[in-house]
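Letters A, B, C and D mark the chains as written, and numbering starts fresh at 1 in each.
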Amino acid sequence: MKNLMVSDLVTDYGHVRALDGVSFIANAGEITTVIGANGAGKSTLLRTISGLEKAKSGTISWGDLEITNLAPEAIVRLGVAHVPEGHAVIPTFSVLENIEMGALFRRRKNSTDVKVAISEVLDLFPRLAERIKQSAGSLSGGERQMLAISRALVSRPELLLLDEPSLGLAPLVVEQIIQSINQLCRSTGLTVLLVEQNANTALAVADHGVLLALGKVVSDQPAAKMRADSALRSAYLGY
Amino acid sequence: MNTFISTLITGTANGAIFALAALGLVIVWRGAGVVNFAQMGQAMFTTYIASNLINSGESYWLAFIVALISGSLLGMIIDLLIMRPLAHKKSSSSTKTLAATIPVIASLGILAILQALAGIFWAGEERGFPTPVNSFYFKNGAGTLPFSAFNLFVIGVVLIVLLLLTYFFTQTGVGLGMRAAALNPEVARLSGIKVSRMRTLSWAISGAAGSLAGLLITPSTNLSPNTLDLILIIAFTAAVVGGLDSPLGAVIGGLILGIGIALVTTYGSPENVFLAILFLLFAVQLIKPNGILGGKQVRRG
Amino acid sequence: MKIRGSQTKRWVIGIVAGAVASTLAIAPSQAIPVRSEVGVSATEIVLGMQLPQTGAASPGYKKVDDAMRAYFDYVNSKGGVNGRKIKLVVKDDVYKAGLTISTASTLINKDKVFAMVGSVGTQTHISIIKDINRRGIPDLFVNSGYSGFYIDPKKYPTSFAALGTYVVESKIEADFLKKNYAAELAAGKVGILYQTDDFGRNVVAGFKQQGVIFPAANTQKFVAGSQGLGLTAQVQALQKAGVTLVVIGAVASATAITIGTAAKLGFAPKWLVTSVGSDATTFKTILASQGQSAAAAAFLLTGVISASHAPSPGEDTDEFVVAFKKINTEFNTGAADDKVWDNNVLQGMNIGYLTTAALMGAGKDLTRKGLIAFMEGKGATLSSAALSPLSYSSKTHEAYNSFWIGAYDANSVLKPIGGTRVLNTTDSADGPITVSTYKRPAIAADALPKVG
Amino acid sequence: MDKGKKIWRKNLIKSLTLGVFLFLLSFTFEPYNQGQLALVLMLFIGVLSLTVLTGASGQISLGQGALMAVGGYASASLITNLGASIWVGFLVAVSATAIFGLILGTAAARVSGPYLAGTTLVIALALPSVANRFESVLGGDVGLIVDFGTPPAWISNLIEVGYEQWQLWVALPVALTALFFTSNLMASRAGRSWQAVRDDEIGAAVSGIPVARTKVIVFVVSSAIAGLGGALYGLRGLVGPSVYPVSLSLTLLTAAILGGVGSIAGAFIGTLIVVFLPDLIDWAISGLAISEQFSNYLPSLLTGVLLLATIIINPAGVMGAGHRRKH
């Protein structure tokens, strides 16, 4: 079991400092949620972990390995899968192609396991199984999000980086997706780093909470405690 | 056989080659975001390689294969040596639109260099280029049928290439990866696809497709450092007409151009061929800027 | 090297001087005193030439300069002209007029040539002919058959042709058709394929002057330079029209493509090819590398009718051909391909020979005015490898006015039709066609022109 | 307003100083370099038109030579058919090309990047066909013979002027006008809004700049400048298809890239490089035993290498990135 350890991470986004010395640990097998207002640096944090953005300084360790500034395609091979913001699927691809895409890099060596993984995600999201031949562009928002997560899951990740899965979705669908993730985490020991603007939903399932504001960690504590801290909530989350 | 049908057949045979060249352009455009103005320069270069092999007594087929392989190698070299470093530069450049035009300029530079090198190495005399099968039109009693074995060979080869490419892009993992890398590089990278490798592969496939177009078109023209310039322009028009994003569009565009040029030459005046090409290009851009089968949005830069 | 060095220095000095002058009064430029003639020293005559050495228009023509230089080197090895060695400075203009203007400026102002000689190309030469003439620079032996350059010496007093004009040649060819293919003409069985530029149009005009007008259905054309797209449609149309004789007014590569395409179509009319397009080397190179055996290429060329003012390069018994071929072998320093003996090399040699003769004729006290005066006064008396006399006078600066009609034999040598060579003479206007009585003077043993 | 006036005056002084400097300099030159400098000025105008287009819109055109041809033909047909003076020719060239640019720009505003590059290339290629189509006015593939003529009597009575010098003297005020106009334009509010469109189309649209119209205007202005350059360029001897080939467009582009896209000073330096490159090569290889085949292709080879080297080493060109605008 591996922990994700981020220390003193600094990332610039364009000419803006998006992360300004972020440190925290996401424990293995737990759901850690990163919350904060719009522009707090949440997405940049995930993008830096998965290698899409270059860190200016600081380190990211995944278990014993330092993965700072490795290429995304290398990081995913180490078991870190990133579902970026905005239901990132390829609309002209079929549902199956979108899922297969996530396992391309290991399909030559583990073709049988890839098949197993695909059937597993289809069990997890039966609605996708029904639409397996359809183009991803014809799916609803919730289904696309499920598809994006499935695409990440077939890579058999040990750490799932999930960016705003609730964005633009109906509360009922959000609930469904979050519960699927929760169930997956509890049953398989998957480590999850969940970025959410919707702090209530996230803190409800998370074990641990990290609160970001203007690129800095302002609070890092168990989720339950964070949920109870009304001062913190009103200061940074506005409710 | 009447004039119209023979015009159609001539046009289709030429159109198939234009389609191939246009396909090469589309593959690199989709795969690497570059309109490669050097493509037919690369093809010219590899056709010279083939021509030299044949002139030194090697068989057509050996030369054919060597040309295709050197075409894909040349494509890869261009990507690794020039386009990839440029892509890294691009991300650090401040203006996006300008950065997008830089690869175009690079391809023009490559074209100049390839033509100069071919001139220095080989441009003693204008050459022709052989066909692997008879290019004399079939005899039909006293008359002739308006097509040759070579016409059929060209159409056949282009069809096979199209089928292979379709199979490759839709049925294989690497093909899927290449498409993913082209459509959404970020998601592709997050899926573990080595996007820059896929780009190099696009350059290689496109290089081979261009080479093939060169090998097939030069028998009906001559081989000199500049002869294929015209084919590039036609292929570009074909790609735009079909939609730069769409491989099938490129094929349709190629056929439209091939048949259109033949019709204008036969029924109009050959002098109007270039005006017709220009008119077509304008019309498509005004009416359907994304081409016949292009994506919904014109790709900006 | 020395010249460049001082020029760089002049730049630096220029910048400094300019800065100084801006604070002071403007220094008047000094008029350049005319002492000796530009480009002529006691030991050297500098000549300039421009032609396409690279690019789409270069094949074939790019051999002309090497052949000219080979002849000049030969002359120089014999002591030059009046003790002066001939130096030929050649500029590549890629057949782009914009570049022709620039390279002409280089030749005139930097290389300081005495005269231009043998420049190739109509569209390019037209861009500089006015300027060259205004400056009084002799513009000898221009390789263009465009009559507009030569028929009005008042307009272009210094320009002289190296070829018969396209009109003269086509008039004579039309005359040949009228005499030998009258039935075909009457039945509307004669067609034409030409390129739509001054050359192609002059060919059509020459035939028209002789009353040979091609029916629209028998007339096919293509944009000069677009033969790369193939000429199948045009050839098919001619085949469809049922013509039995086709006139080709096109450059050599397009001519080869046309005849090659017709063979593929099973279309075998009689061909009449203008001299510009009838270049056996280009023809065979193109067809041979298309995979047609040399024999097949030669077969296609066999029987093709063409015209010439000179002996065929394949005539091994012609004394000029023999002498020039020898000089080419010994003195040509061009690339291997550029040395291959053919029409273009023969033409280059011939221009070298004529230039030498003109320089000799202009005398020891060589001036531009003197050279032009000689060309107008005595130019017509010069002999050359050509079987036609020259027509230079104060009334016209056209070169050859006579052509003979021949057909290629199985060895790709143009042979007179009917066995005896008949030269017909005419002009670029409405003049009649008469049989020439000209006898070409023999070449001297040392292969140098003898003037005066 | 005050600031605008200041820039205006500054540019006027700059242009005039350069003009006086080059004018005086021309007296110390040999005819050859006078001609070369005149050529630099003519092509400089063409490169400026690209500078406006690329610097203000980020687009590149491979057909700038064709736009120059439009200007050349407009002026030359007037001069040869109606006997107009070259100065009237310039005015007509500018107007005709501006109208042409409007048509082209309307189509081009809908596409961008490589599409535009390819379309302009086809335009350049179709030019000879157009000239042939309207042979009676445009002279077919031979073209129209025009030139700078001779200096008016009041000048030639005063001082003996060589042909190259006269070329330079005509080119100088025309080029300076283009320079003055362009430098003001780039610094003006309009110019800045164009650059905003270039840098961020959506952002510009949000801040109220009419993006599509702006793009068309950029095209019109760029075309008009190119037309002026083309009219001047044609006066060297001929206006015809082979004077404005595709390779002319590529030369202009090369000059713009070498000097630094969008930089006016860079445009001048880039033009100097492309004009004097053949001389440099001649100088470099003189004395070396190099085959004619090789030396003939050397300019093309070097141009390609220079182009690649520039964009790989420093895409901002010779003028460097220092003064390029930053966010």
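Quick notes
Heads up, the rule we're going with is that contacts are C-beta pairs under 8 Å (C-beta built on N, C-alpha and C of every residue); 3 or more make two chains touch, one makes a residue touch a chain.
Listed by chain with UniProt protein names: A, B, C, D = Unannotated protein.
All values derive from a computational prediction rather than experimental measurement.
With centres computed from CA atoms alone, B is the chain lying nearest the middle of all the protein shown.
Here the two chains linked by the largest count of contacting C-beta pairs are B-D.
For this pair, chain C with chain D, the centres built from the Cα atoms lie 35 Å apart. Chain geometry summary: the mean Cα position of chain B and that of chain D are 32 Å apart. If you average the CA atoms of chain A and of chain C, the two centres end up 76 Å from each other. Shown for chain A are the residues that touch two or more other chains, of which there are none. Within chain C, contacts with two or more other chains are made by residues 54, 196, 223, 335. With touch defined as above, residues shared between interfaces to two or more other chains in chain B number as follows: 119, 123-124, 230, 271, 273-274. If you check the complex, the residues on chain B that touch chain A are 173, 176-177, 179-180, 183-184, 186-195.
Chain C meets chain B in the complex at residues 54-56, 58-60, 196, 220-223, 226-230, 232-234, 236-237, 240, 253, 256-257, 260-261, 263-267, 281-282, 285-291, 335-338, 340. If you check the complex, the residues on chain D that touch chain C are 20-21, 24-25, 27-33, 35-36, 39, 128-129, 132, 140-143, 145, 147, 159-160, 163-165, 233, 236-238, 240-245, 247-248, 278-279, 282-283, 286-287, 291-293, 296-297, 300.
Contact residues on chain B toward chain C in their complex (touch as defined above): 3, 6-7, 10, 14, 51, 54-55, 60, 119, 123-131, 135-137, 139, 143-144, 146, 148, 219-228, 230-231, 261-262, 265-266, 269-271, 273-274. Every residue of chain C that touches chain D in the complex is listed here, in rising order: 1, 4, 7, 10-11, 13-15, 17-19, 21-22, 26-29, 31, 53-54, 66, 90, 92, 94-98, 101-102, 105-106, 109-110, 122-124, 126-128, 130-131, 134-135, 196-198, 223-224, 334-335.
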